[in-house]
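In what follows, chain A forms one complex with chain B and a second complex with chain C.
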Partner chain A sequence: MNNNEHKSLFQRIGSHPLLSPIATLLLLIIISSVVNPSFLRITWFDGHFSGSLIDVLNRAAPLMLVSTGMMLVIAARGLDISVGAVVAITAAVAALITDGTYGATHSGLSTLFIAVAGALITATLCGLWNGLLVVKTGMQPIIATLILMVAGRGIAQLITGGQIITIYYAPYFYIGNGFLFGLPFALIIALLTAIGLYVLLTRTALGLFIRAIGLNPVAAHVAGVRSRMITLSLYMFCGFTAGLAGLVISSNVKSADGNNAGQLMELDAILAVTLGGTALTGGRFTVVGTMIGALIIQTLTSMIYSSGLPPQVNLAVKAVLVFVVMLLQSNEFRNSMRAVLFKSGTST
Partner chain B sequence: MNAVSAPITRHWHLDARYVPLLITIALFFTMAIAGSIFFDGFFAPQVFLNLLIDNAFLCVVAVGMTFVILTGGIDLSVGSIIALTTMISASLVQQHHISPFITIPLVLLVGSLFGLMHGFLIQRFRLQPFIVTLAGMFLARGLSYLISTESISIDNSVYRFFAETRIPLGSASLSISAVIALAVVLIGMWLAHATQFGRTVYAIGGDEASAHLMGLPVNQTLIGVYVLSGFCSALAGVIMTFYMLSGYSLHAVGLELDAIAAVVIGGTLLRGGIGYVAGTFFGVLILGIIQTLIVFDGTLSSWWTRIVVGILLLSFCLLQQFLEARRATR
Partner chain C sequence: MSAPVECVLKAREISREFPGVRALDNVQLTLCAGEVHALMGQNGAGKSTLIKVLTGACPPTSGTIELDGQFIQPHSPLDAQRHGISTVYQEVNLCPNLSVAENIFAGRYPYHPWFKGGGIDWQALNQRAHEVLEKLNLHIDVARQLSSYPVAIQQMIAIARATNISARVLILDEPTSSLDDHEVKQLFAVIERLRTQGIAILFVTHFLDQVYEISDRITVLRNGLFVGEYLTSELDRNGLVAAMVGREFIMNNKSDAVHANSNTNACVLEAKQLTRKGQIHPIDLEIKQGEVLGVVGLLGSGRTELARLLFGLDSADGGSVHVDGKLLSLDSPHDAIAHGLALCPEERKTEGIIAELSVRENIVLALQARNGLLPRIAFKEQKELATKFVALLGIKTANIETPIGQLSGGNQQKVLLGRWLATHPRLLILDEPTRGIDVAAKHELTTAIMALAREGMAVLFISAELDEVLLESDRILVMRDRRKAGELPGGCDEQAVYALIAGQA
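Then we have the complex of A and B:
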């Protein structure tokens, strides 16, 4: 093969999976700081860090959480498009518990723990439901989770009685608005989740098992990987992270809106996962890349908001991003591009 | 297996493809009869014609979606393309005073081009249909936001004519949009069952590689179904413009879910290869009658629609899995 050296060069550049997400994020940060010179300035204000960058990190936290769960499901050849609905259900459950509807009182921190536990258990049960449909009936993941996506918002509105529930219980606000060690508490939740996951995936065999399921489910099963059990728990984890995101979002806006909470969240999460370098076909995944992917989306959103462009441009820009990223991930596209480059290289 | 049970199972095998369709039709008539028994004034021709009038755009979108799903794909962009169509129509007719007779063909072309783009990316670069049409969904919605974030109402005489004309049918009446929807269903049935395009669609859904080996025009047909779906979405957008007499970038949010639900409830297999346009038609009618029943009941809130649709979706998916498993074991 003549072009073997070409190929190895290509592969060497391409073999750093985090190269393009980091480059994209840096590029966005540079553009942001040109558009808005105070973007990179971080000050100490009122006992915590403050500034645009901190704001981006804080707002990216729910997406980071959902994306880590989504990444694992995608890595095992699945998909969960119900995360937005799960966010709405979780927010509704938490809001009602802090409301005292389920018998809890307003005094003390016990209500907070009951609300958080209740919400997270509900979210994990949603994930269990999705996982059972996928594993037990063999439905396509997109269809299995479509059911909860359709019914979920109805359930959330059923819980809230169709109203937007305002939360008055002050301790609950800490989850989405509080600061710990000067950093947003929501960000710390997201980082702890990601770090915990990273350790679990790299220090135990779990990461290997998930990769095996994603690359070849049949072979993984034959090799003795308990693929059904693992897949089921991945969906449960995805529900759990959507639940955490639901807590952060509802606490941040101090209300639960069954109809609009977490709207289009599933799409943003899939986008973040893809941008980070996880293969949509399964088997290849990266926790760090996913976190960067979520940051890219939030930086982009903040940049468009602060640049004076109409905020609606956001959707169109995201669309172009998805097109570019998925073309770059497509072998057929890379091959045809390589063919074009190679051909023009020999003809000149 | 003894000799007695063998012919019975073979008979069942022939029927298996029709089972979901028959269940759908039976379900529709059961709901209609139940509604007529429980609610006064439900059993009126106009109530049933309203199912068509109020769901004309859903019906048109769902027919296009049926073809996409028959090939084993999915089109998530339909709702956004409807919104984009209403926006372009309203902006051209109302703000730029361009004739509706130029505007309508133009928006149909835009929808088809969107479909062409999806089909090309999916066929040529082997990208996953859901992610391609997801990006198309973002793009179409984003473009309609770019035209305007405000709702633009239309008072053009041609649009008013299409919106307000009623075709009398005995004591009841139909709108022009409903007639268009019926025509689309009939054309869809013809396309699916009497043309090479339709046969190729079924063949791709059955086994794409075999379809290739049979020398069928797989590539063109794959692109074709997405063009068809884009065209149907744009046509549904035109119908929605008649229905709402306005363009708004938040029209038809989540309509893709309703369309997919209608197709699945109509008995089309999500893996592709098996399904009927007629089933989709009844799927749309079932979604419509659920809403009508909830309106007639008066005490149930609107969100019950979503929950009931979710439960129906679940039951039909489970039924499909059950039938597939039966087929596989024999």
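Then we have the complex of A and C:
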């Protein structure tokens, strides 16, 4: 970063942290279009864009949302493994409110507003709980959020009475199935969240503070950074984005499933964050990388489904991909590869 | 200080090259039996490399090492130890969870005499360990865990282990840097004993006082070159410093401080009955504008604890602190900074710098933290601030975007100073600002601080080096046993301070 002026353009691209995530995504898109020649075709249909690529973007939206929150928590040396459970809780709350249980009618948009607000407030409170456990009790983040990860599923099932609640309230479907300016509304939510976050990180001092906390929390505290307050807010934001994802998912499938909504999403989110180039040790993070990471995972999933391979293969392929990308990101591996290439280059 | 009798170790024409650097260039060193030999030089002079060469950790590119008339080529620390060269480092390399005796004899435990498979003969082990320590005049319980003893004792135990294994040459690499005055005395008593046993001792340190107190001869290195070998009695301090820094460097014999005993300026900070259980007994404190208040005391006397308490890093159990008449909340550094306090902490690496962030980011951090999230300091303004302090404090860095972790210790400390000066503090608290920094950088740093005090900033200056405090302070606060032992005017007699520290006043 510091010696940019001494490096050629080629070296700068070669050492750019977003190189390997972008390359991975492009590679997957190329493979996908070979497997499925119509993959890249985008048409205008029924007043919106349509095609496999749009479908991937739409389906990636919930993961993008959860990953942005996860990225911030990880950047501040934390971890939130309760996001999947928060997705389930949010879905259940939204379903319950649209159900008419709380006197909401199925006409008008006030119910939609109440459902969305109620769900997001619940999700943010979940984040507050996580944050308080970490900041006030000094619990290890993985343990603190494990509590809600386990309990959250139970809470979601209590709310839904152990049933899968079907949602009949039509305006709610727009969140996960609607289109705005020809693009999936869910994608727009995810993009707006990411852009808003990017602006917040670069136009305020939040980015510097998070990096300082992630790299050296003690020194940040001594320098006067209000690390507890910031960490708490990041957990709340993480809950909030999981809540948005819960809205999108439940709206998309028109139901709330306390057991399966958002299942294993915490792991996909951690994966997306890591694939994007954010350091799990804290302090280094990239919004763009995280979005690309989420897209990588969704592209891969869609590719396997459309290639005709049995869906069981999905997890194995995912594992191989993660292994390769992580290997490429590892400094030790890069150096040893460089040494091998350099040696064979000089000997010939 | 008997005349050296026999030459134990002769290193001649030692050179060591690293890719692109010549760390040692034709260096020589001669150690005699029963002699303490000081190895001096600034950071980067080649002291560590020379030690690594002698201990086999890093064999020389060229040159010879002669031990008792025989040429040796130690290829590992273990090998050097077999030849009779042992080293004790600044950080104690022992197992804190084992007992003292186990540590001394680790790897060489005595077994039960009549059946070997029967295990370790604990009684013999403890007995022998006891004898080894008695020889050094150390009377401690050898069965207790090593970690239950202070670092100074641990270091002496390390010395006991080293000299018990093999005892021709003992290398002490900055053994005193984490010890207080009393502990240093204890260590020196041990060294005296080893001297009478005819061991050749190589003593590496930054502290000039200690060199003159204990050593017989001095070898000085500079930039990997051999400057000279001197008899300690024939080289005065200015001469030694000149040899180390390579330029005529006159030590400040006269104080820069104002010594304004009759300082009538307004009070910047006033602490009343400030206390924290187990750390500081209730203490009253007053610092005036433009005043340098030195704080001295032994390790554990409450020096650092006082600084942390004032700054809100540890929350107080009782008492109050007013800055410019306004009450501090006492549990938040953020609040302390908002009221105009600043603290350069003792632990530069863990509590000060953020190694991966650039010099620029490290400088703006505290100012930005005081501003909060908004308004963010514009990038252009950040660059100006950083450039200004790099120039003002003479920070040596490739550019302002260099990660601070790549700078030398002295320059890191200057960046931290810049970080706080950027906030225009009313009171700057400096906790051991010159520790682990070479002589020249130390001088520059204290000069910069004192210039600031003259401009009206108050300074609370904590240091283990009494000379420094005596020279720079207007007033001296002496701490003992976690309470205020007394106050003395600046420029007072060293003995008066010693008396207060020791509690004989």
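Quick note on the criterion: the second predicted complex is superposed on the first by the 306 of 348 C-alpha atoms of A that agree within 3 Å, B and C clash if a C-alpha of one lies under 4 Å from a C-alpha of the other, contacts with A are read in each partner's own complex, and residues count from 1 in each chain.
Everything that follows uses one rule, which is that contacts are C-beta pairs under 8 Å (C-beta built on N, C-alpha and C of every residue); 3 or more make two chains touch, one makes a residue touch a chain.
Note that the structure is predicted; figures quoted are calculated from it, not measured.
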item	value
Room on chain A for both chain B and chain C (clash or fit)	fit
Partner chain in contact with A:Lys318 - chain B first, chain C second, else both or neither	first
Which superposed partner A:Ala212 touches (first chain B, second chain C, both, neither)	second
Which superposed partner A:Ala144 touches (first chain B, second chain C, both, neither)	first
Residue contacts on chain A - larger count, chain B or chain C	B
Partner chain in contact with A:Pro37 - chain B first, chain C second, else both or neither	neither
Least Cα gap, in Å, left between chain B and chain C after the two complexes are fitted on chain A	5
Touch list for chain B against partner chain A, complex	74, 121, 124-128, 130-132, 134-139, 141-143, 145-146, 149, 249, 257, 260-261, 264, 270-271, 301-307, 309-311, 313-314, 317-318, 321, 325
Touching residues on chain A, where the partner in the complex is chain C	1-3, 203-206, 208-209, 211-212, 215-216, 218-226, 283-284
Chain A contact footprint on chain C (complex, rising order)	311, 313, 333-334, 336-338, 343, 345, 350-358, 361, 364-366, 368-374, 376-377, 398-399, 401-403, 419
Chain A - residues contacting chain B, complex	79, 133, 137-140, 142-144, 146-155, 157-158, 161-162, 258, 267, 270, 274, 280-281, 310, 312-320, 322-323, 326-327, 330-333
